[in-house]
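Chain lettering (A, B, C, D, E, F, G and H) follows the sequence in which the chains are written, and residue indices restart at 1 in each chain.
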Amino acid sequence: MYGWRGRIGMMLPYDNAVIEPEFARTLPPGVSAHVVRTTKTDRIELAEESLLLAPTMKHLRANIALYACNASSFLQGRAWHDAFLERFQAAAGVPTESANSAMIKLLIHRNVKRIAVVSPYPKWLLEPLAKFITDSGFEVANIIGLGLEPPDINALGPEHSYRYAKEADVAGADGVLIVATNFRTLEVLGFLEQELRKPVVSSNQALMWMAHRMLSVPQGPIEWGGNQFAWPMVERS
Amino acid sequence: MYGWRGRIGMMLPYDNAVIEPEFARTLPPGVSAHVVRTTKTDRIELAEESLLLAPTMKHLRANIALYACNASSFLQGRAWHDAFLERFQAAAGVPTESANSAMIKLLIHRNVKRIAVVSPYPKWLLEPLAKFITDSGFEVANIIGLGLEPPDINALGPEHSYRYAKEADVAGADGVLIVATNFRTLEVLGFLEQELRKPVVSSNQALMWMAHRMLSVPQGPIEWGGNQFAWPMVERS
Amino acid sequence: MYGWRGRIGMMLPYDNAVIEPEFARTLPPGVSAHVVRTTKTDRIELAEESLLLAPTMKHLRANIALYACNASSFLQGRAWHDAFLERFQAAAGVPTESANSAMIKLLIHRNVKRIAVVSPYPKWLLEPLAKFITDSGFEVANIIGLGLEPPDINALGPEHSYRYAKEADVAGADGVLIVATNFRTLEVLGFLEQELRKPVVSSNQALMWMAHRMLSVPQGPIEWGGNQFAWPMVERS
Amino acid sequence: MYGWRGRIGMMLPYDNAVIEPEFARTLPPGVSAHVVRTTKTDRIELAEESLLLAPTMKHLRANIALYACNASSFLQGRAWHDAFLERFQAAAGVPTESANSAMIKLLIHRNVKRIAVVSPYPKWLLEPLAKFITDSGFEVANIIGLGLEPPDINALGPEHSYRYAKEADVAGADGVLIVATNFRTLEVLGFLEQELRKPVVSSNQALMWMAHRMLSVPQGPIEWGGNQFAWPMVERS
Amino acid sequence: MYGWRGRIGMMLPYDNAVIEPEFARTLPPGVSAHVVRTTKTDRIELAEESLLLAPTMKHLRANIALYACNASSFLQGRAWHDAFLERFQAAAGVPTESANSAMIKLLIHRNVKRIAVVSPYPKWLLEPLAKFITDSGFEVANIIGLGLEPPDINALGPEHSYRYAKEADVAGADGVLIVATNFRTLEVLGFLEQELRKPVVSSNQALMWMAHRMLSVPQGPIEWGGNQFAWPMVERS
Amino acid sequence: MYGWRGRIGMMLPYDNAVIEPEFARTLPPGVSAHVVRTTKTDRIELAEESLLLAPTMKHLRANIALYACNASSFLQGRAWHDAFLERFQAAAGVPTESANSAMIKLLIHRNVKRIAVVSPYPKWLLEPLAKFITDSGFEVANIIGLGLEPPDINALGPEHSYRYAKEADVAGADGVLIVATNFRTLEVLGFLEQELRKPVVSSNQALMWMAHRMLSVPQGPIEWGGNQFAWPMVERS
Amino acid sequence: MYGWRGRIGMMLPYDNAVIEPEFARTLPPGVSAHVVRTTKTDRIELAEESLLLAPTMKHLRANIALYACNASSFLQGRAWHDAFLERFQAAAGVPTESANSAMIKLLIHRNVKRIAVVSPYPKWLLEPLAKFITDSGFEVANIIGLGLEPPDINALGPEHSYRYAKEADVAGADGVLIVATNFRTLEVLGFLEQELRKPVVSSNQALMWMAHRMLSVPQGPIEWGGNQFAWPMVERS
Amino acid sequence: MYGWRGRIGMMLPYDNAVIEPEFARTLPPGVSAHVVRTTKTDRIELAEESLLLAPTMKHLRANIALYACNASSFLQGRAWHDAFLERFQAAAGVPTESANSAMIKLLIHRNVKRIAVVSPYPKWLLEPLAKFITDSGFEVANIIGLGLEPPDINALGPEHSYRYAKEADVAGADGVLIVATNFRTLEVLGFLEQELRKPVVSSNQALMWMAHRMLSVPQGPIEWGGNQFAWPMVERS
């Protein structure tokens, strides 16, 4: 049976073409990932639609659910996000986390305080993003955006997140955060940590880490494109 | 970019936990697969809901779409299926095939005429299935069902499709067909063809074959559990 | 010569289809395993018949013998078991242990005191099993059974022992014990220990550990289905 | 489930320490082998005892049974052997062949007529062996024996069957036969065929070939000690 | 000694960052490649400067020299190119070919007549390119350009040459030509030939083929990113 | 994009046939190396010519430049070298080091004080070499030369640097230095350090170490001809 | 037992440091090679001394003996060689061939008539070598020597036999012969045959071919330094 | 050049068929081994003959020489051995050790005092062997012999040295010594040390260890037949 150790249900936004191949390559043995996808392209509508689709998580016998979209859930602020996550979990009927909650928890886990943030999003999304991070208890040392819309972000190779993460990094930052679930980072996280000598966290890495933690299923490091890709130590929740 | 040679959009029924791992393992280099999932558990409603979700295929820049469910589209007969497929393709905005159309085309491609059919479905679905096959121009030499509902089919290992395919096979059949997209068969198709010495076709194999053909992307054989899993020669459509 | 470092003779009950493939995969280099099998299907008769078959252990130049059946030897209690093991060893003419004695010794070796027990057996066997464990000096924190008869247990994949071991585990237990020599566990013991963070012992693992110990032949860990399968440190007896 | 494509039941004589490791290494995927062992050391008694043990073949859900002893069944002549095999099959309740019947059928399959025979047995067994072969329709071009008793044969490495097969070969022979199920040959059959340029058949190779044929399960060649070990083309029975 | 079977000297334009890694990966054993690089950024001046640098080819004991730039040598027409190549060879003192002469000879070798051409160059270079090809005896079925300047071409991944080659291909063409030595194509040539079912030739592939031919050193196919990259049959010049 | 983590520009003397294959094999993932080559064969002219060629480093978007020639820059003394390196860096427009500066910095990094020096150069170059090393703050414990001219040095296998390094080593030396960028050493550095039990530094190893350091790109050890080739710990500059 | 399929005894001249590593790498499974070595450095004395040492071949139970020196046995002419070989075989007591007889037989086997000969020997040995070849029934199309004495030949890498074989080859030759058992050729024979498109035979290759033939032990091709090294089809003698 | 790090010359007795394959498999990279062989079968004569053959060690440019025979040099006592070794070294002209001196030095290195000795030799050789060991400063806790002559010892597989080493071991021994250079032990030394938990030293292991030490060439452990074969830490002499 696929997913005999655990099934992950993932709610994806309409355009995301990155998470499925990335999870397929990094799933622990006996764990499977399954997708539900919204059809709305407007970020506010998309979040609401996901609540209607959420019950299928239970139908497919997922053990946990991940709301795998950043922008649609940080856009309306931290308080809105927290209430939304509760509504989503109620609808899905299984324990749920979001890309945003996973990324916040992983930053805390790695003891990062002042963050250099990079995101492929258009400029107007940077302010709500910075506010979400600040409201979650961190300082934003620097923030840069690439000014792109979702379907174009999907086309970028990981050398772009590498380059912009190095650009975003500043002396005062004690960690780097790369935000967006359709932005490839797995091939370069290991390189970045080696070169910048500080924790580097990305949305999809945080989602994987969160899923392993929710399922109590540890996962060892993976070789990806010459880059050793590892999860920080997973403790039992 | 994931899917730089081609992106496959797949419409999956609420329960299917088999197609995603199977496609993840067998995709040609440069091809990616992405899922949209219905929420309805009733087969008739499920088909209708899929038409509402179909436009997201275009949003995620899929090059082709697959309607990856058998029962919901053979249930109402061959004519209904053909009209439904046209409606789906119009909504998706990209070339589309269904699990049923793929399986029929692969049977023709392999020159099978009299078919031994095996399916995990409950008994009452066998008659419409047999009728769909007959109306598509084949003879049904034998048909057997396992009497299971979808979520339980997902839990069966491939040794079950192996055993029932051998049980279904009869002397007069010149091919075996295993129907259901949530029934694992890839690990045993090679063994079955070696042992039964006739073509053995399954729903997910037919969907993969169809996808390669629609994208003009040939794919070589794959080793799976000691079993050489190959696609019959793919000609350009 | 097969078995130039040591030959293991194994007395198997009529139905067991699991031990031979499992030992074949895990034997240390230079060690071989050879089977003698009872024909009786009644557990009481089976134990007696094994005494008649035991002398062939010496004929095939086995260095040690294992009585590889749990139920037939715990059924009549700890005292009966101990006397039976002495009778068996006398008949076999070489040092002998049983599945039950091996499992008890391994639990002591790993310092487990309060045990969560899982077994595929029918309910009526759980009481004598619990009593055997208690009479051997442990507490039973929890015990669950699957209610199956031998030939059906042979057909279960290791995902079943995985699932029921997690179900059986309770907060107060400091170890998990999976009982039955025809119940597959080797593919999941490593996962279970990682996830539950306590020792997990199974009948066949205990038999292998016992055999290595009796022959003074240490064996390193083995990769099995993505799961690192290791023996706890083997000290010289 | 071990043996999901087929389970082989094997009746072994008391001393045999060779067949289990050899089958373990050469079984096709999904096929398992399970042993029942006689306790008698006298060849005539051994054959009779095997009839009493045979019913356990059915209990362990074997699909076929092999009587894996040459001497005890050729000793009393071809006619006795044929009647014995019928009795054994009736007792076992599943299709059965013997080491002798397998070896005869493989010789026919490979079109051998005049045979050079080598066997580790004591001299007095060579005459009944030659007679059995002649009565089965072949000519014996040459026959040599090593004069050993069973438990010592088990200790010989395959370089001995290699050396004696070359010694036994004579110009007039169109094939070589190596007889005894406790005599290792698999590591050298490929070398011998390359060097002697004629078919070389051994007891255990014939048993494996027979099992594949009875189960309709073809098996590809295996690399063993630098020697390509292959089965002659297996046709469906 | 590096290059004991042959040393290739390559004259590269100032910006080229693609040829060195590509040759490093595809050189036959015992063959080495060494670079001389022009400093001029103007294409006309670059060609003239290369004549001054050419004598170092002999100093470094290169066995052959390659003028590895397309635009600077097709810009002034076929007749100019041929005279330039003679001047270059005289200065280098070893047998010499250019990217253009290699590409023309490979097209002839593969029997292509009507060509679909794709190039990353700016539009104004397409006309001289088409004229060079026509003056060399071919028909241009279609030609498309990406409108890029050299340093930006170096940054493109091979998925771009893949996409534009498919776009450039037209029904009437019997082959596809991808022109520019700083445009990556090796990872996709095998895919393109499988999918388009006609010869696909690129500048760097032609240079490698030419070098193997000039040195009489055949080279087998290479696996590159899942794509089998092969040279058309190399005959002795 | 080749060199997405960093591009190394290398200024090579006319004859060097060693650096390109050596860098090709040892570059970290995502780093590329590109060559500019002088044409002068006179060492003094060669240095001056390199200043004219240097600007192309910037044109090809190199991130750093290496002046990869020892003799031409130690010949005129330490002071001249330092001034020359400044002139070169100004012309190249990117951070620059030379073979000599890299080798000096690596000797300091490894804490070597009294050096045994071996070089393939003609005798008359040994004195300026020794003086350059002494003027850089080290003692020369011993110095030996092979008396060869550049194009012949390129033809020597690494067993020569191995043999002469052992010959040059003396009891009072606390490190060995092998000088010349066209002298192969990578296959033997690991062996030499194991056998001599002191640091052994070579020109090309120092250049690689310097490049990793300038780009802040750590590189793990490499297996080369049975010899583990490693860089001493690279700290961030 | 080492050499259970066959033991090769080899008589080596005092200096030869090449044959032992080359045979060690290319021996078929189950075949071993063992050395006896002369102490004389004079070629005439060396041949005579070998007759005194020959009986040890039988003592070490070699199945065949090879006189693995060319010059000492062609020096005194074809007739002397043939008589010497008979004397040697009589003394050794097992079937014997020499480097010269093996090389002549392999040339005949490959149907070469006009030979380009290369040898590392001093000039004065070329005439007797050419005469030996002519007296054996071939034409010598060209012959070149390197003018070296034995201990220096042992130090040459295979790139030297490669280079001189290409130099020796002339249009009229239909094969190339490389003579000397201390001259490395195995790494380049495959390259040379591919490039020159005619048979290329060397002393040690001929000795290996001869040994396989004498023992009736076929051997497949071997990968050596990127070069496929194969023996021409070995037929049974 | 074979042996560019060091060449080992080995003086072998007439029958030895074990050392050559064993050294071939375990030589460090860049080290080669070359054989000189005595022809005498009498042990006393053999030692004397070896002095006449010794000068060829220097002719073949060996860096060290090993007298690789135990019995012929312990037979006449420790004092005779020491004088003989000096005579041998003088004749060979390079540093020399014997199988006996290597074995004694390795026992000291591993700090063994009371030794259990096993040897395949005939009984009458055990007394001089024990005396040699005692005279070298050890106690002999136990000594057993197999009673075999040289050519038969060569035919024994390593399972024999395994079995007899376990048999020879006694409680009071703090190490085991296996004596004879034609007795295979490398496949079992690792197993024996793991099982007996004390140092186990054999003649050929000691010779290898001695050679590494004399050449200052460390060698890592080797996997051999499932058994990790390692040399005890080699310190510089």
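The definition used in the following text is that a contact is a pair of C-beta atoms (placed from the backbone, for glycine too) under 8 Å apart; a residue touches a chain by one contact, two chains touch by 3 or more.
Just so we're clear, the structure is a prediction, and the values are computed from it rather than from any experiment.
Any chain touching chain A that also touches chain H appears here: C, F.
In a homomeric contact, the two copies may use the same or different surfaces; for chain D and chain G, under half of the interface residue numbers are shared, pointing to different surfaces.
A separation of 63 Å divides the Cα centre of chain C from that of chain F. Separating the CA-averaged centres of chain E and chain H is a span of 61 Å. Measuring from the averaged C-alpha position of chain G to that of chain H gives a distance of 32 Å.
Of all residues in chain C, those that touch two or more other chains are 1, 157. You'll find the chains touch as A-B, A-C, A-F, B-D, B-E, C-D, C-H, D-G, E-F, E-G, F-H, G-H. Against chain C, the residues of chain H that register as touching in their complex are 159, 162-163, 191, 194-195, 197, 225-227.
Those residues of chain C whose C-beta lies close enough to touch chain D in the complex are 1-3, 7, 14-18, 20-21, 24, 32-39, 41, 52-53, 55-56, 59-61, 151, 154-157, 184. Interface residues of chain C, counted against chain H in their complex, comprise 1, 4-5, 28-30, 216-218, 236.
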